[in-house]
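Lettered A, B, C, D and E in written order, each chain numbered from 1.
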Amino acid sequence: MAEKELTQRTAWDKVLANLRKRSLWMLHYCTGCGAVELPPTMTSRFDMERFGIMPMVTPRQADILLITGYLSVKTLKRVILIYEQMVAPKYVVGFGSCTINGGMYWNSYTTIKALDRYLPVEMYLAGCMPRPEAIISGFNSLIDKIGKGEANSWKDYYENYEFYKKNQDHVFGDIETHHDVPADGRYFGILEAKR
Amino acid sequence: MNSGIGLIVWIIAYPFVSFSLGVLLGGYGRKLTARIQRRVGPSWIQPFFDVVKLMSKKTNVSHGYMHDVAMMMLVGGTLLTMYFVPVPGFHYFSQFGDYIVIMYILLVPPLGMALGVGQTANPNGSIGIARALQMLAGYEVTFVLTFIGFAMKNGTTSMYELMMIQQSGGVATWGLVTNPLLGVAALFCLQGMMNEKPFEVVIAPHEIATGPMTEMGGKYLGMMFIQHLINLVVELTIYMNLFLGGATNWFEYVAKLFALFTLVMSVNAVYGRFRTDSALRFFWKLPLPMAALGVILIMINGI
Amino acid sequence: MVSPMLFIIAPLAAAFLMIFINRRGAALALSLLTPAGLAILGVSWLPATLVRAQPIVVASIKAPLGIPLSLDALGAGMAILVAVSSVLIVLYSSSYIHRGHHEVRYYAVVMILLTSAFGLVLTRDIFNLFVFFEILCISSYILVSWEQSGAALEASFKYMVLGSIGSTFLLVSIALAYKAAGSLAMADIAVAFDSAPRGYVIMAAVTFLFGVGVEAAIFPVNSWLPDAHSSAPSSISAILSGFVIELALVVTFRVLNTVFAAVDVLPLLQIIAIAGVLVGEFSAFGQKDLKRMLAYSSISQIGIMLFALSLGSTAGAQAGLSHLLMHAGAKSALFLIAGYFILRTGSRLIDDYTGLGYRMPVSAALFGLAALSLVGAPPLFGFFTKFQILAAAAATGGGLAWFGIASILSGTVLEAVYLFRVIRVLFAQPAERSRVEMDLPALVSVALFTALVVFGALLLPSLSSMIGPIADGLATLH
Amino acid sequence: MYTQALLALPLVGFVVTIVLQGTARRSPAILKTWALLAFVAMAAVATLAFPEIGDTYTGPMVFGSSLSIGLTDLSWWFVMMIAGITVLTSFFTLGALRDTGTYPMYYGWLFLKVFGMLGLVMSRDLLTFFIMWEIMSWATYFVMQQGKEEGREAALGYLVYAIVAGMVLLGGVLFIHQSAGSFEFAVITAYMAKAEFGILLASVLLVLVPFLIEAAVYPAHGWLPSAYASSETSMTAYLSSISTRMGLFGLILFVFSVFGLKAIDRIGISAHLNLRTILLVLAALTAVLPTYTALFQHDAKRLLTWHSIGQGGYMLLGLATASTLGTAGGLMHIFNYMTYVALIIFSIAAVEYRTGTTNLNKLGGLIVKQPVAFLGMLFGIIGLAGIPPMNGFVSKWFIYRSLILGGYPFIALAAFIATVGTIMSVYKLIHNTFLGQLPERYNDVKEVGLLMQLPIWILMGVVFTTGVFPGLILQWIAKIQVGMGIVPIAWTLGGVAREAGDLNMMVVTAVFMATFAVGAIIFFIGGKRRIVSQYDNYAAGHFLNKDVPYNFNYNFYSAFDHIFEKLYHDAPVQTAIRNLGRFVRMVADYVRRFFTGQINTYAAYYVAAVIIALAILKEIP
Amino acid sequence: MISTAQILYGTSFALIIIGLYAVLSQRNLIRIVIGLNVADVGINILLVTLGYIEGGRVPIFAPGQPTTNWVDPVPAALVLTAIVIGFGVTALMLTLVMRLYAKYGTIDASRIRGLKW
């Protein structure tokens, strides 16, 4: 993100960011083995709700897309559809090493090796599957980033859509997600109109 | 606050007062549920943060003009009901619409939501609306029967007059005390009206992906939250006015609000979810006969 | 003015002349002109008869040896109805019965039937009545068996057996009457019966009732009617249902009312009438064959007329007679149209007429109008006559009258359903749409019958002035 | 002078339409424009006839008494409704009936039906009333004949009920004429006031039963759904809006002005257990049961015809209380119902005109293609469900308040149960037709022509304005109530004056508009929004496209179906009537066998008849 | 002692009843026709005996015969017409029976029931 954007935030943006950070809803899309860590984080022992984080069912209502582990090509197609259905500002959080460099499945023909070549990832949580404490500390740092207005990876999807699209086509060819991402970018003012 | 400048000021301020009361109630409710589940629970004003986050979403998704108008109708309908329900010191509008008007205005928001959800063309939403309308036949019918009995006994259908009659003798003349059968039956219906856990089949996240709210994202969900919060206050106030003698001052009003809400939320926290037809059967087996008995008693000796 | 005797002589002469000339053209012309002339004769005599009855002296032989005939208002009225109907029906049969070699004999027999019809109306002598009654029956037997098909022969045979039993009983009644009165003139018999023992008069009255009653299709003895009317050629069924059975009914009732006045036979007649209505309606409701359904409907309509006449009040008599006029028009129209339905589709079952309404629009419309009037839908003529009957019955009051009203009303419900079941079939989805409308003469005659029925309400005022004296004809015999 | 012209015009129309039959096949336009002009002229004459309220004009003498017609407040109210809805229907049929060639006599019978209805409404004596009643029911039968094939089937079903009603009424007319001595209403009223109980009860029952059959009140409602649903759609609108209310008009005329309320109340044990209580219970059943049958209909028109029975129950509820509020509610509900049911059926007709079907399981998502029709149906269903600000709510408010304060709690509950049923079924109607996924085959559907939209716009305006300013209608109702001998309602432009209850629709609507504006402001505070295609929908990660039907139309209310399964399949009343039909056919078959065809049995009948006749005559002295 | 009039009345009524019984019971059409004729004969006897006066004289104008105490001639005249009519009807009935036999191949009334109900 351009440095300029960070400094020019108005007072109202700052107040808004601090309010917005107190409520994050995550789409608990259990793609990989990390999903099992989520229930203890949400329930009484670790109580994720203290920070305003709640599991949500549909992409329309979610802010965070949790990718909890390895992603097969087939699942990636669905994840991209889900990601595009989410309402911005949205953040992708990758669990464990599988999303960073393929992890344990580094030489498997079915999984994708680096998540950020297909989706703009906001944050990675280390750990071959991060424990609830790690998840909570990760989310807290995400909350601070939002508070400071630095969590703008979702804009990257619009700005470098060709890069992401090329990688996606390379992996599984064209899919019809009924979303014209560049047009959306222009419509919502994320990209300047027709550079 | 019933005439002149006081009225104008109150009319402008009332939505904000009601919204903030709603936020407090919402927060308190989630805190209470958390405490029951031995959790810390979110902050007291968590709903406020949720609303702000939702309303500040950048790329909102709409499915058509009816979807948008429906949201306006949703919030507008609830605010309309809010103005007509008397609260301590403010009952200006109840001369223009008695409880039958309120009962029908209460149907405007669900109708608006139903039309909006219809346009989102998502079957989960339609199933949710179908369930909501069927549940209507359960709790709404019983609640109306309790009101009919009460109105017949006091010879008026205006909510404000009913309130005044109950306040005439202090606690002894509260609706719940004079007609316990009607009061208790109405309590069951209150649980249904608030869409809380035993009768929460309408939203049912696990089965139909939060039912009507499946396709509601960003500011659409935000407006539904605003409506939900104000609705909490309005429905609790309705029950209070009809059965707990309304409130003479604001402390009594807020106290009764939180008392009622504690009862509702504690039931919500510990119960599972009825299927639609079993919920209907429950309403027609217990509260309806209880209310009918209450009305018969009123007819027999006018107690 | 011309002597009313012409009513009997003219058709007889025409009949024999036709046989003598034996050519279709002449036969048709004669059988059209004679009833037309007689109609004019009737109309010319009507004003005079309205004042008082006109006795006719035959060949200047005075009573008590001469045969007493007299033309009163009722006689003139019935004569005009019979004459006009037969003109129209002959016009219809000119295009309906054109083929076949012995067509001249058909018209001859019709003329003979006319003779006996007029004779029955004029005669005041009981044996003379028997003679004309026999001529009427025989010509009906012949005309019923005209098509020589198995059904026609069977129907006419049954009709004849019952007719003969009827004439036997009539002769018994004449014998009893003559024994009591020593004379055959009805007036003397009436006087004799006043003083005769009750049992004797009852015996005579009952035998007379069921003697002539056979022809008048009174309930228990009318089992021949459905077979006869449905298997006769449609023009003949129209004649039979149109005026023959009505004529017989009027004559029976008149004689019972005057000659056998000593015994109060009205309650018996009412019971018979109501039974006739109910049996007629329910049997018609279950029919599949159109003409058989219309025949059963005639049974019930006769029941309604008899119920009106047997109320005993002048209002009842007047209502009955106007209903008779309406029924003559409506039922003749229905039978004539049914004739062409059968001619065009070759089938007698209602279900085979699907879509015929589009192929024969005018006749289907006329069928609908006639049915509407028969059921009594305002503003058609049928409504006013049925309303008058029911009003007269309500005026007489009493359990039997109100039961009669209830049965007529429920009868009308059944009648509306089975008549308009036919309309539904007529206007169902047609197989093809080629027009097969009726031939012109038939269409003209049916149209005129339906016109009487549809615009009958307009002639109500004039009818009400004449109906008074005509209805008196039923009560007094001079 | 205008009264006679008003009655003569439809008759002239009928004759001219018959004359114009020839041209109908070549150029239907002549026939259609003639019908429209005639109806518009009739409406104009109806409005001009207002000053002539109260005078009576005598027609021809029949059976000794002259037929007389004349306008009263009540009849002018109905005349205006008939004239209005006829003009709108003819406007609509101009566009809708593409090929009147197939139903040339459609307008002819419509004219005769209007003549019958106007005559019925303006009749001032019993005989004219009966004659016009018969003409109307026959004309209705013939109008229903003009529809499709099953229309003719259903028309015969209607005919049976209509004829039974007509004959019972004829029995009543005769009985009253016989006991009261004359057809004049005044004479009858005077006689009935002091008639002894037996005669009063008999004449009241004989007269009320046909009205209940014609108004399709609960036990006698079987004929209405199939008869109305299978006739041509614009005719369905016409029939369900005004034709069924003729029975109700008869009820009002006879209960309140001919017999008089005092005479009616003599029938019964106490103030709470008399004839009106029975009517109330029947009305409650009529309101509830048909509405819950409508819930499960798959055809839009059939759903609405069940509603026309249900709403008829509401009207009867209001009228049967005979209190100021109740009768005002009942009368106003007749007008309200007419406006919004015509509105809904016209929009269904617009949908059918474009898509060719009214089967709810096949439609969907047409809001994008036919927005005007959607708006029309939206206003209509809000009115039908009785939700403010539409006019349906005002009359329901009156009915509820009169029932609650009149001491009928459980009947008020039945009314509310019916409202819940109505809300459920109207939502299913609008959801299955206009909302949800748009099937592929309706992609090229366009909005209907302006001529068909005109009635929809007009009715929308009427439904909204009379909802916000009910005073416009209440002023006429107050006049009528005076004519009916009831304390007139204290009306204001917005609703009801203070002492009669708290209702001011102007304020309610104003506040609603304000709060709606607040909602809009909140909506526009939020970020920009973009309308996406219908396939961009959450389906748990599944890719949606046009060959995946993603609609929830079938078995919309499964819980209700699960609970009330057996109640619908063998509804008690329908089976009873079907058994009655089978019994009549069995009797007919049995009686028919009297004619055995065996000549010997015929001779035996003969001899038996003679013997029995002799026996009877021996007894009678 | 039973006068001849009573005997004749008795025989005529007996004949009528026998005739009717035949029509009622017989299946064979020709037997029915015969039954009807028997009834006709019964009627004719009845009619004739009406005019019979005990010891009356034949009412014929013969030169020298007294013209008093004549038997009443009118019933006799009636009988003439009755016989003629009976003859005509029987002839027509028998032709019909012949045609029915040609068509149905039987003259058993219970089998000739094409038209019923």
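The rule is short, and it goes like this: a contact is a pair of C-beta atoms (placed from the backbone, for glycine too) under 8 Å apart; a residue touches a chain by one contact, two chains touch by 3 or more.
Quantities reported herein were computed from a predicted structural model and do not represent experimental measurements.
Shared contact partners of subunit C and subunit E, listed by label, are D.
Hopping across touching chains, the smallest step count from subunit B to subunit C is 2.
No other two chains have as many C-beta pairs in contact as B-D. Taking the mean of all protein Cα atoms as the centre, the chain whose own Cα mean lies nearest is D.
Among the remaining chains, the Cα-based centre furthest from that of subunit E is the centre of A. A separation of 36 Å divides the Cα centre of subunit B from that of subunit D. With each centre defined as the average position of its C-alpha atoms, the distance from subunit A to subunit C rounds to 99 Å.
Subunit D has its Cα centroid 45 Å from the Cα centroid of subunit C.
Of all residues in subunit D, those that touch two or more other chains are 527-528, 530, 532, 536, 538, 592, 595, 597, 599, 603. For subunit B, the set of residues that touch two or more other chains comprises 56-61, 209, 214-215, 218. Residues of subunit E in contact with two or more other chains: 20, 23, 29, 32, 113-115, 117. Every pair of chains meeting the touch criterion is listed here: A-B, A-D, B-D, C-D, C-E, D-E. Those residues of subunit D that touch subunit E in the shared complex are 592-593, 595-600, 603-604, 607. By the touch criterion given at the top, residues 127, 131, 134, 138, 141-142, 145, 148-151, 153-157, 160-161, 163-165, 167-168, 171-172, 174-175, 178-179, 184, 226-227, 230-231, 283, 286 of subunit C touch subunit E in their complex. On the subunit B side of its complex with subunit D, the touching residues are 15, 55-66, 68, 71-77, 79-80, 83-84, 93-98, 100-101, 104-105, 107-108, 111, 114-115, 118-124, 126-127, 129-131, 133-134, 136-137, 140-141, 144-145, 148-149, 151-152, 155, 157-158, 209, 214-215, 218-219, 222-223, 226, 275-277, 280-281, 292, 295, 298-299. Looking at the complex, you find that subunit B touches subunit A at residues 30, 34, 37-43, 46, 48-50, 52-53, 56-61, 205, 209-210, 213-218, 221.
Of all residues in subunit E, only 16, 19-20, 23, 29, 32, 36, 39-40, 43, 46-47, 50, 74-75, 78, 81-82, 85, 88-89, 92-93, 96-97, 99-100, 103-104, 112-115, 117 touch subunit C in the complex they form.
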